[in-house]
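Heads up, there are several structures right after this.
In the two complexes that follow, chain A is the common piece, with chain B as its partner first and chain C second.
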Partner chain A sequence: MSTTKRGYSLRRRLLSRTALLLVAVLLLLSLGAWRYARQAADYSYDRLLNSASLSIMEGLLVRNGRVDLDLPYAALEMMQLAPDDKVFYQVRNPQGEWITGYDDLPQPETFEPSDKPFFYDARYRGEPLRFVIQSKRLTEPAVSGWVQVTLGQTLNARRELMVDILYKALLALLGLMLLALAALWFGINRALDPLSLISRTLKQRSAGDTEPLAQTPIQEVSPLVDAINSYHRRLLDNLEAMKTFIADASHQIRTAQSATQAQLDIASQTNDPATLPQRLDTIRQQHLQLTRLTNQLLAHAMVVHRSDTQSLEPIDIDALLKQLLTECVRDHAHRDIDFAYHCDLPHCSLPADRVSLREAVRNLLDNAVRYGPDDNQIDLQLVAAANGGLDIIVDDRGTGIAPHLRRQALQRFSRLATEASGSGLGLSIVQSVAEAHGGDLFLENSPLGGLRARLHLPGGST
Partner chain B sequence: MKKRLCSLLLMLIILVAPALAETDEGDPVLIYSATDAPAIQPVLEAFRAANPDLAAEYREFNTMELHERIKSLEDEGYPDLVISSAMDLQVRLVNDGFARPFDDPVLDELPAWANWRNEAFGFSYEPVVFVYNKAAFAGRPLPTTHEDLATALRSDGAFFQHRVGSYDVRTSGVGYLVATQDEVTSSLSGRLKESLGRAFTQVYCCTSQLLDAIAEGDLVLGYNLLGSYALARAQRDPRIGVIVPEDYALVVSRVAFITKKAPNPGGAERFLRFLLSFQGQQVIADNGELIALHPRATGPFSIDALTGEQLPNFHPIVLGPALMVYLDQSKRRRFISEWQNALLYDPVAP
Partner chain C sequence: MRMLLIEDNQALADATREYFLNLGHPLDWAGSVEHAERSLSFDDFDLLILDINLPGRSGYQLLQSLRAAGKRIPVLILTARAEIDDRVSALDLGADDYLVKPFDFRELAARCRALIRRERGDASNELQFGNLTFNLATQSASVDGRPIELRPREVQLLELFLKNLDRVLTKDDIANRLYTFDEAYTPNAIEQALTRLRRQLADSSLIIKTIRGLGYLAHVDD
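Coming up: the complex of A and B.
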């Protein structure tokens, strides 16, 4: 969604959406209030109409076999309870003939006289009216049948009452809504308070502040504080590791540089030209070592950086290893080293970072070459691990590493054999790569007599 | 109520604004009214003075004739304004849809009972009173309540016989209104009607004829007369006196409405606004014949002046659909027949 990309105010969004919801509810309730108001007004004035028509009924009398009406004053006086409404009435005898009142009142379409009043709406003389028909069954010998009293009233009072009820209901609803909005505003602000507090605290902290954030009693916020603290701690740890690494790296580079410098100084001051080639060779060796050290440092930094940023994608490990071994064989073609490769697995795809994995295996192969004898045998294997995933195994026939020194060998800038020109970073890089893939690096005894380096990569091999 | 024979339609046309003044406004306001011309004339003159651009044409009718006239009109020929003291008939016309609404700030100061639906407006305050001949009543106690009157009529039959007058409810609209409202308001009305019958009450069509007869001494007492005319006459004529009954006094209000099909509704609104305004009401309070309804109006013909001495129990007739009850065909037939039986039970009376 695009909204997640653009910045937005949580407070405003919460408020506006809740307000929208409230408005919808208000509209719905208003509709209800309108219906109720209409019903209430109709109910009230229908009762008035009914009472007045019953009162007119009281004035009915039969004289000389004819139905007549003595219209009671109270009937129409009662109708003045709706003071601004016109009143129309009509009385019909059992034969349906007009007796008195207005003789042209509109009649309902279907009407059956009964004891119950019959209400209907109609227009008369240009105005909408509400009518009631009240019927009474006469059973006198001369006249028998239904006498009908029709009474109508204009709608002013109904409308006034309806508007009044509606107005008051809407006023109450509106007040309620405003109250709810105010409560909402208050509530949202209160709910977001811890966020502002945390951001304020974070802003005020100096970069070197190692104290974790104070814990909060609010259940919903404490995970956030925990996460920030945990993140902060990891950052500090990384920073610490970086510091150590930089200190170590600069020490190593300075040492190598000053050794080279010393050889150069000696070479430039010597009087014996015969020794020059030998000194030059020493300088070259030392420079090679410096170059290698620099490369390894950069490779290490690259591997660490990639492990932080790259996501793992399935790659064909088998193909990668074959390619690496091919390169290695080509590089060391002038030496008497025996390379071998085994892979029995049908499919060797695994989520991994091609570049860093390549660097790691490359290092293992280089180490095997570097620390092994001239007639070394180096076996590269890709096997399924016992606990799932894959193991990349490099065996050699060298001297190996004594078990008690293996831990040390994995640390940065630790070289076990001082005579060999190692940087002390190779295995450290491999281990970083293994960790970046969630795996591990194991140093074991090789059946060939030398060292076995086993790089374990977890994850389902398919 | 009329100075002339009521059965005749008298059209008294008063062009209040000179014809020459009719310039830009064009149409005059046409007023059909059941009010004596002299009573309304001060108001018309004041209106003309305040609105020189608008002419007002005034035609006088009897209340019943006016009602029939309006009902018989088709689409053409409507007046702009209809004025009548027969409140019930006016309410009926409004109920039947002959009126158009008029909403104006000027209505705020008027009492609620004198306004129905913002269509019918009462603009005067005319108590229904007893009128007596002062000379005839010299040394006699004056009946100050309806009960007093009923008792006096019974106990002093000889004095009152053939010398009591009232309206003929069959021909006088306002007479019918006050007689029916008497029946609604008072439990005494039956007894009083009977007593009036025993005294061989004479019936007249109009207030003016009744007042003439009382002043001349033909009658000693007039029952249920419009107080506005009576008070105005009593001011000019020392022979007659007016009693505002203490137990209750009905108050009739002359009702005006603008017709729905008024040819000049704007002019009608201007006239009605003036009539109901403090300014117009003060003209009525100063000049008499009518009595001003406006609570702030002062003068000899204001509510203030009526309530000056005593504290009568005024009972204004409320404008509303209840007034139509006695207009019901059966009800009217029944009432008139009862009234005839009670008041005119001796048809051979002179």
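Coming up: the complex of A and C.
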């Protein structure tokens, strides 16, 4: 179809959106994994650093009133666990003076000696390092106060551990995501499968296939199948109605044409010119009837077509009726028909289709003139309907239609009188218009003695 | 009266010409808009009968260019399409009347007469409505050449109707034109004048219909 957008695929949209969501989740999780990996690496190597520094602290002794260090071998052994890293140490006496190790290790900005180790990061000799300061309070008479052991280590082993943890976590996450996408792809295809099946089935059907689509057990798809089937049914009904209509219409037109043709043939073969005027008059009458039939057929087609396509907009029904009655009086001024109009409503605006409503009211007036006596009385009224909306009423003083024939009178091509002047479409046109407006057409007894045609239009009069 | 028929169906055109010739009115025929424009450029016509569906440019286009050029010649549109949209747009574009095909020749002739009457209304003093003649200068009327006797109010009423043929006049419309502001009148007085006028016009082509609840409508049936 022309409204299909190239890029608009349900499958692609579902997939791309889910993938986007997954990527966002992956990013969040990676951030978490990265933090965790760093913490885990820090935790492990800080403990190592802590143990090593404690072990160095063990090697401190007071000799001759001076603090001295006997560097324990175990401490260095411990640091061997990170073979690629360099280690720096420093020991200071309670006076804060350097005793042994590297004397220029960076110091933390704020530091209060305590029993707990103090960890900090700093750069030394162009490399980032992790340091720990281990303090111990000496209370010997000769030496009292805090001795400090500072131990620093480069970060290679830590980084390695962190990267290792992060890499494994990310790999697991990525695998999980791909698995989810694959499952989604599979799921979407499965979900869309019934749709493809329906379109394949519809494509394979011939236009005249009257069978409905087979029902589906899938809950979400069955409304679609129902909708397609109901649409299909309506189309078939319309098609059937159209066939009947065409058959009826052809019958009517061809009959009228045959009659004209026959009269023309006889007239052209006649030997008696005196009969010609009469024959011509017959032909003329038949032709007039054919003309009226054609007009009504076209009007009917127009009304039906408009009811499908036109939207209703508010029009002044009172003004419309006055105009139509004026036209009708003008066209039949030479006849002895008495016309009247009655409308008490202050405002008579209603949503309607002007063109088809005109056609309907004109048909009602035409019928009243056509089937009424020469001294007919035709009253057109616009009144508020009891159940809301407006009633357009056409009364006449003709012979009317017997109640048991009224339903038949509304059907297409049903002419009640054998008199040939009617097309059998007039009232059917009016009814189509009424239905297109959501209203109805009623045939009743007129107080004038003839027929009352009441065209009901729903909708609040404004 | 001289008329120009613009119609591409030759059979219909020939029949129309013959019919109008029998009535004593010459009818020129053009088969296309281009042809019609040539005829219009060097001849004067009282009326155009214009088909809408023409080969080449459509009747609407001719009508539009005529009106755009300020030509007020009466135009009667012939259309095969019965949809009222068509008629409404024809009138909107400046047509004076329309007929839907197939039409009755008598109807066509009557509409043409009505249009020409409307156009000549002010030009000549003596107006012809079928067998009814009305003289604006002397304010007198005759039917089939026999003068009819009318009181001043009835003459006014008749003139009002003749100037508003095929239109509805309400009682108020009539009262406003026939009586000055200070003059007291009763609806009865109008009824009486009308009744007498109708009686005098009984044999004429002018019919004055009463539409109860709406007003009065005068129509020339010729």
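Rule of thumb we're sticking to: the second predicted complex is superposed on the first by the 454 of 462 C-alpha atoms of A that agree within 3 Å, B and C clash if a C-alpha of one lies under 4 Å from a C-alpha of the other, contacts with A are read in each partner's own complex, and residues count from 1 in each chain.
Just so we're on the same page, a contact is a pair of C-beta atoms (placed from the backbone, for glycine too) under 8 Å apart; a residue touches a chain by one contact, two chains touch by 3 or more.
None of these values were measured; they are calculated from a predicted model.
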item: Contacts of A:99 with chain B and chain C, given as first, second, both or neither; value: first
item: Which superposed partner A:181 touches (first chain B, second chain C, both, neither); value: neither
item: First, second, both or neither for A:71, with chain B first and chain C second; value: first
item: Which superposed partner A:326 touches (first chain B, second chain C, both, neither); value: second
item: Partner chain(s) touched by A:302 [first = chain B, second = chain C, both, neither]; value: second
item: Partner chain(s) touched by A:87 [first = chain B, second = chain C, both, neither]; value: first
item: Residues of chain A that touch chain B when the two form their complex; value: 68-73, 75-77, 79-80, 83-88, 99-101, 125-127, 156
item: Of all residues in chain A, those that touch chain C in their complex; value: 291, 295, 298-299, 302, 322, 325-326, 329-330, 333-334, 338-343, 354-355, 358-359
item: Contact footprint of chain A on chain C as seen in their complex; value: 82-85, 100, 102, 166-168, 207, 209-214, 217, 219, 221
item: Of chain B, residues touching chain A in the complex; value: 94-97, 112, 116-118, 184, 318, 320-322, 324-326, 328-331, 334
